[in-house]
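Pasting a structure here, questions to come.
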């Protein structure tokens, strides 16, 4: 099949920052996000939750101050992480995920999700399963484009981003723009699940490589 | 979050080592840490690493009207941010004293030294000029933020290319990179900050202090200089008295360091330019250390989508077809409509079941009715009161338990209904309830 | 065939991923990995010899597994919750060894703390966890209400957790159950404190770990290692202290082979 069913080059560097408890930089093509994670750390009294950890996500844009869109994405990422992080194991603490956009060339939210997951892995925080982010663009002529670039995103009719968990390949989060049919949605989900397999294999290889000397 | 405290033992060890001319990372007194510069795929994007301190720089620009007192000059804006990623002590959006100090110093180093030709950024005098914005993000704080930030700023500015413009009369045309090659900013010289830390009231001196050294220093001297050995800014903080000879010695050292760093910057810029010209790969993927075990990269991964359509169909065929929705809206009163069947309230009390029964279908649109109730006929009001007494129970069960116990059932209902005859009263109590929750 | 495949996909994935725990020992595992309970030795034999020994009662051998850090039981299988290397100790103890930086207090751990405040009867001690630990001034050897220990803010203490769980403030003591110090207490008026990853600390403290012994052949030095990733060293001179600290930090990303080479090179230089 001659479709755009191809993930761009992806790369990841773990534990690259000395100060945070866990850090990872995730690159998908020319899109790149850096994640720094602190936790389980001290929590402000006002944000303390007595039976679980307070999960906080900060997304920093590269240019200017965070706007509504960043706040919205922060919330999306936070909810996704909350679904997999076992926050009850560390009550009255804080888990802070700081994401810095390094370059945006399409599929930014998916890259943020992947960076967050690799960062959480590096910090060694307890999780029920892994998760990954996959973006699908729907083009009027070519159907589904996996992991689109910013140009493809602009040309697309609809754009869907999924977070998929590793345990049963279930969908943890969907966010979309544009219009699409139910069939297309299901096709996108099926495609993302297949892409997720590749990403999870990549996660596993990265972690194996990190532990190859111990 | 709080910064991990510095123990007395670390303090005394650091000072003792400095007295002996030793440093924790094995450097000599005048050694600068390694500087690494990498570029992103966009123009004006770079990451500068000074040892483990990391700063991300990005330059952007837009057309704006100029400042009234300088109609022929472009605007340059610096914004250094101390991201909470860099250290647990940094909080989001807080203007700390340190941040204000660093931003001011950067402005003095780069804007006030006139290193960028602001007049060349003017498009139409008094009407349109380029505003160049330099965003710097500190990613990891291991000491000497200002040096790393100043390097990142000047590197990003030198790397940046703005869109080309042409003017015909009063018409300004901005060309995309595909139409016309973007143009670089005109930079006269490259000022770079070099920091010196003083210990024991100026007896000992270190170049490029690390984070732990910064925590025990007595005074800090920052000299911004270009490769022509012209001092652009000089700042001494910490309140120590420096002798003339010390400042002169520092400026000599700064001269040497600035020459080295400038050479490195030019080499890096040249390198990136060549790679771009040849159409080779550039960007952060290329600058990642591939031999490290913490880094991993895979080439394009093909995803087999051959059975995607079948699978989607399969899932859809198993899914139940959604029930037809009643889409005909029912008009209850002017400005009030209802869609669907409405839901039964699961909140009502058992004893009141009888009187609520006949209003069941209205239950779903309770709130909208309230909002527009001012223009409802008088005969409607008694009915509304009854309904509101329903609402009261919902509100009261959480916080006003005591009241319920003390007052007899009948009178309570009456007093509440009076309250709620005025729709704004509900809002007021609602607000109060919210407030209470917050103070909890 | 197609339909069966689709319906059974999730079950299929689960089964594909679930591996017997003993087969994954020494290999990296990731959160979400499912491990099956290990077969007990008796049972393994039984499986192999089932054709021969048909008379054995199978119900007596049950699957058993003790989950350490990074593992959680979930129904009949075990779920990995943290990335790292799966480790095993006889008979049925399994855990995940990971390279973390952030410390979470564990009862019985010996840690290095920094005194941050004196408040009434207790000292507040920073141990690198999410909350400051408390240390009673009576929890020192020979301390009484009259005879208070001399502890200043910023001092280092080496202590042991007597209370450490997720719901309570952790509490340190500097005495054992008999009231003796056994090496604990205030220390480190000289020497260097530095931080390494928790994985390295465990490696250094492992019973068969030879890093400290080998390093001791190069220089004589004093060392205190806290489970919270803090290490204090003191050698004869500042230079030697710095060298020891830098070698220990570098051990983080070296294999045993590389370490040996470095130590050999170092001893040669010393000669």
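Note that the chains take the letters A, B and C in the order they are written out, and that residue 1 is the start of every chain.
The criterion applied here is as follows: a contact is a pair of C-beta atoms (placed from the backbone, for glycine too) under 8 Å apart; a residue touches a chain by one contact, two chains touch by 3 or more.
Protein identities per chain, from UniProt: A = Exosome complex component RRP46; B = Exosome complex component RRP45; C = Exosome complex component RRP40.
Please read all numbers here as calculations on a predicted model, not as lab measurements.
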Remark   = Between subunit A and subunit C, the fewest touch steps amount to 1
Key: Greatest separation from subunit C - chain, by CA centre   = B
Note = Rounded to the nearest Å, the gap separating the Cα centres of subunit A and subunit C is 30
Message = Averaging over Cα atoms per chain, report the distance between subunit B and subunit C in Å.
response = 36
Message = Based only on mean CA positions, could you tell me how far subunit A sits from subunit B in angstrom?
response = 18
Task = Could you check subunit C for residues that touch two or more other chains and list them?
result = 253
Ask   = Where in subunit B do residues touch two or more other chains at once?
value = 293, 307, 311, 315
Key: Shared interface positions of subunit A, touching two or more other chains   = 15, 38, 41-42, 94, 210, 213
Query = Can you name the residues of subunit A that touch subunit B in the complex?
reply = 1, 3, 5-20, 23, 25, 27, 30, 32, 34, 36, 38, 41-42, 58, 60, 62-64, 94, 96, 98, 100, 102-103, 105, 144, 146, 182-183, 186-187, 189-191, 194-195, 198, 202, 205-206, 209-210, 212-213
Key: Footprint of subunit C on subunit A - complex, ascending   = 15, 21-22, 38-43, 84, 86, 89-94, 121-130, 165-169, 203-204, 207-208, 210-211, 213-214
Request  = Would you mind writing out the residues of subunit B in touch with subunit A in their complex?
outcome  = 1-2, 40-42, 45, 47, 52, 54, 56, 58, 60, 79, 81, 83-88, 92, 133, 135, 137, 139-142, 283-285, 288-289, 292-309, 311-313, 315-316
Key: Partner subunit B, residues of subunit C touching it in the complex   = 2-3, 6, 114, 116, 126, 128, 152, 154-156, 188-195, 232, 238-239, 241-242, 245-246, 253
Remark   = Per the touch rule above, subunit B residues touching subunit C in the complex are 4-13, 16-17, 20, 22, 24-26, 293, 307, 310-311, 314-315
